[in-house]
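Labels run A, B, C and D following the written order; every chain starts at residue 1.
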Amino acid sequence: MNARARLLMFLFAWAALGPAVVVLILHLPRFGAHALPYGDLINDSAPRERHVTNAVSAVNFDYRGIDTLGEEFMLLCAVTGVVVLLRSKRGERVDAPAGRVEARSLRPRSDAVSGVTRVLAPVTALFGLTVALHGMTTPGGGFQGGVIVASAILMVFLGEGYRSWRKSAPSIAFDAAEGAGAVLYALCGFASLLAGLPFLTNFLPLGTLRDVFSGGLMLIENAGVTLAVAGGFTVLFGEFLEETRVETRDDES
Amino acid sequence: MNALPWAVSAGLLAIGLYGMVTSRHFVHLIGCLSVVQASTYVLLLAAGFRWNAIAPIFYSFAPGTPAVDPVVQALVLTDIVVGATVTALLLALVLELHKRRGTLDPDQLRPLNRDRKG
Amino acid sequence: MTLLLLLAAAGGTVVVLTRSPRRQVFAMAANGLILALLFETLQAPDVALAEIVVGAVALPLMFLVILASARMDRAPRRPDAGR
Amino acid sequence: MMWLSVLPPLTVVGPLVIAGLLLIASRALPRPIPDIIALATTALTFILCLLLVRHTGHQPLVYWFGGWVPRHGFPIGIGFVIDPIGALLAAFIGVLFFATLVFAWGYYDEVHAHFHVLMLLFMSGMIGFCFTHDVFNMFVWFELMSVAGFALTGYQLRTSALEGALNFTVTNAVGSYLFLAGIALIYSRVGALDFGALQRGVAAQPHDVVVISAFVLLTTALLIKAAQVPFQAWLSDAHAVAPSPVSVIFSGAMVSIGIYGIAKLAWSVFAPSAEIRHVIRVLLLAMGAFSTVIGGVMALLQRHLKRLLAFSTISHVGLLLIGVALWERRALAGVFVYFIGHGLVKGALFMVTGILLALRGSIDEIELRGRGRGIWPAGVAMAAGGLLLAGLPVGLMSGGSDFIAAGANALGQGWLLWVVILGAGCTGAAVLRSSGRVFLGLGPVAGQERHSPTEEDKEKADRPLWLMLVPTTALLVLSLVGTRFGSDVISRATLRFMQPDNAMILDGAQAIPAPALALRAPPTSYTAWVSVALALAITVFSLLHHRLPRRASRYLQPIRPMLTSLRALHSGDVRQYVMWMAVGLAAFALAFAVS
């Protein structure tokens, strides 16, 4: 089947789908004006029963906490998959980089670049942690904060070059951080079980509304997510960047 | 306006699929996949929207103020993670494929799959 | 909001129609920003933040790294040539 | 019973935690330890699931995570509702993973335990999918299962494996976004995510276009996972190239679980809508019938053994879809029996191909001709598997298909029997032909089968034969002896599956007592023997047709062009697969427009 036949067939299908979609759109509820029973229930319950102001975080970590648990392990799964795909084939022990790869990165970075990143990276990391920490009260949370922290670590890579990055941050640490974050989240659930409550029941003191440390068990879960996401995305960035090194080496030789 | 978000979402889905069907580069195809995914973000958030309501964060507004639906937002957050993980995996696959085949044009890749006699 | 919705639709179209992978990455990043703004006006600041960090920064960055590492945006080698 | 309420989170989250810990400790653990830990985890999961089967027969086990019990009948959190069918399928998944891990013992020693981590995550995703009572939570487990599958397909990093994994990932990713769109649609109408609440919402507006569209999107996503025509093509690419132990799981459980998902959503959520019931009876039935036949014919055309088995999976899962689409109690009971039976047999067959790959270094039927003589027990297993696929009237597979056939007959859909015969006959014949060629050296040197494997399809060789044969045999034996237990539990639980007790689940009312009577097993129909005879006839013909006068094969000439175009459908071009998705969606739209 060539490109044209494929396209024709596709357009044909949409000729049938188009009217259906139009009918559907006409039947959908008016945008912004329909009942939201589930959302209202949560909006009512989250500040009252969980003492957090960010209802989205409350849904993520409490009302539908098991979803986020699954999501963390999905991330773990994907990162493991990427590691298997990219790292195993490189064949080397990652924490002991091969000579030529190292040789390439010996080229000194300009001082300006590393100076800027030395200032920027900690600031970004701090920002990420702030975003993660305030997840219960204001927009943000473990996921967004974790990604920002991971990009801060990436900056260290860009500024300091490959070698010192590897030295200061062996990939095994990030693997472990990833796994530990996800496991921490799951252990929160088992802690509830040990307390004789249903899985992931929030049994810790809830704190006061609008306080950063409100939300009880959600805080620990949030920390777990931060750890898992920061570790996971760092591993992803690291693995992809590792590829650029191997490839440039090939091209130069 | 009453139907525009729905239409935008459907349009994104259609155009994303169109891009995938006609793509000539796998990286481009993955980009189109992200457009398909964007259509689900828009659809989900539109399904939880409400006019004249605040974001479901009761920090500067008192609890009880009419707010939009927090559930769909939590779902979209999960969706974003799903998208990021799948995209990362796809990129890794594509990278390895490129190393072996030297191309990412689906038309040039196909000969391997064609029938071989013998 | 109408404007942002239309922009989002246009952004998606641009992403699809930009056939060169490298330029598409920038279209994707721009599209991510538009979507984040749209989410903000849809009263979803959490999602907007996530979309900025993932859709407009992390993912385009990964795409760029991939493209750079494999140099796959250059003219493709013939599969049989050179190996 | 305090301890019973610990089981639902434990069976799903327990393996997740073990997987996480394995990943953290992967570098510290010497080689056999991850194997042992993973095996112990799967065995334990199996036992826990069996306990769940035992204790949910009386009434389903309802578990609200976070203690969020519904308020005034409206669910606020996520619930697991475990009925005997879900628990039995979960137990079956546990067995399959256990056997697979035994089979894969020592298979991967170069990468630190990553294989085990992925397998455990894979298993958790499937079990969560079987237990959940919430449509978005279902999506989460579905996606966990998919991501694990994507990663495992490309595990061996051969070029074809990468392409297969890419096709698999792209198609299934589109599928999961369709699923999400379906969730968004039904949420915009009903404003809930729990199955029970959704069903009440659907019952309130059964003719609503939005509800119907949500059904179409959700079902399409699951049909993609279940690889049914016209969404089937990714399957043969992925299953053919995945490592053999992974293919066992793919064909044995992952694909058919898509059908379970369809059945679950259909009966737990969408049943009140007459339009949807009608389209299920017509369109899904047609899709199932097409899949059964096309999968069977395509299987006959393969010489790549794994690809052959992959197509036969499409065919058999098509029968499962038929069973669901008949919308009848006996047929549905048959679906669950057949689900397990097929998974066991197909798992065993993929293990045989794994043995061939490991010991003979090839997966090409022609190249392997006669080279299997030294490992005859594998040949016996393969032939037995082929006969069971063909419908030999013993064991779970034929038990299930008898139930489905009885359902079809009761509804006056007798023509379906011929579809079943054709599908079972072709797939059985394909497997029998290969085993004849590989293990007995029969048949002409080159057949009309194409798609020869093109590269170094080799799997780790230094594993002893007995290690691989034990799980293979165990699965086959289970599929033979499981009949009594399996069909008894299932036939009793099917009624409950069809009429979820929402008053009990959401309002905490007294449970409706379980039906006392099991369905009587229908008598084995003549069809079983017809399909076995057909399989044997095709086998004999394809192995011996070079000795027949030329005239005999001339009768086959007219169907050649059809076969060629059938092959063209499975070109390996993922863009084409995406195009077929649009066509499939259009088929749904047309079906609803007509009805």
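The rule we apply is simple: contacts are C-beta pairs under 8 Å (C-beta built on N, C-alpha and C of every residue); 3 or more make two chains touch, one makes a residue touch a chain.
Just so we're clear, the structure is a prediction, and the values are computed from it rather than from any experiment.
> Name whichever of A-C and A-B has more C-beta pairs touching across its two chains.
Ranking A-B and A-C by C-beta contacts puts A-B first.
> Round to the nearest whole Å and give the separation of the Cα centres of chain A and chain C.
A distance of 18 Å separates the two centres.
> Per the centroid of Cα atoms for each chain, what is the distance between chain B and chain D, given in Å?
27
> Where the centres are mean C-alpha positions, what is the separation of chain C from chain D, in Å?
35
> Do you know which chain D residues sit against two or more other chains?
136, 140, 143, 147, 150-151, 154, 157, 185, 187-188, 193, 571, 573, 575-576, 579, 582, in rising order.
> By the touch rule stated above, which residues of chain B touch at least two different other chains?
1, 4-5, 17-18, 21-22, 30, 39, 46, 48-49, 55-57, 67-68, 71-73, 77-78, 80, 82, 85-86, 88-89, 91, 93-96, 101, 109
> Which residues of chain A are in contact with two or more other chains?
6, 10, 14, 17, 24, 28, 36, 38-39, 42, 54, 56, 64, 67, 71, 74, 77-78, 81-82, 85, 89, 139, 143, 236, 240, 243
> How do the chains pair up in terms of touching? List each pair.
Contacting pairs: A-B, A-C, A-D, B-C, B-D.
> Spell out the residues on chain A that touch chain D in their complex, using ranges where they run on.
1, 6, 9-10, 12-14, 16-17, 19-20, 23-24, 27-29, 34-39, 41-42, 45, 62-67, 69-71, 73-74, 76-78, 80-85, 88-89, 172, 175-176, 178-180, 182-183, 186-187, 189-190, 193, 197-202
> Could you please specify the touching residues of chain A with respect to chain C in the complex?
So the residues of chain A touching chain C come out as 54, 56-57, 131, 139-141, 143-144, 147-148, 150-151, 154, 233, 236-237, 240-241, 243-244, 246-247, 251.
> Which residues, counting only chain D, touch chain B once they are in their complex?
Residues in contact with chain B: 136, 140, 143, 147, 150-151, 154, 157, 159-160, 162-163, 165-166, 169-170, 173-174, 176-177, 180-181, 183-185, 187-188, 193, 237, 446, 450-452, 454, 567, 571-576, 578-579, 581-582.
> Provide the residue numbers of chain C that touch chain B in the complex, in ascending order.
1-2, 5-6, 8-9, 12-13, 15-21, 24-25, 27-28, 31, 35, 38-39, 42-47, 50-51, 54-55, 58-59, 62-63, 66-67, 69-70, 72-73, 76-79, 81-83
> Once bound in the complex, which stretches of chain B touch chain C?
So the residues of chain B touching chain C come out as 1, 4-5, 8, 11-12, 15-16, 18-19, 24-25, 27-28, 30-32, 34-35, 38-39, 41-42, 45-46, 49, 53-57, 67-68, 73, 76-77, 80, 83-84, 87-88, 91, 94-95, 98-99, 101-105, 108-109, 111.
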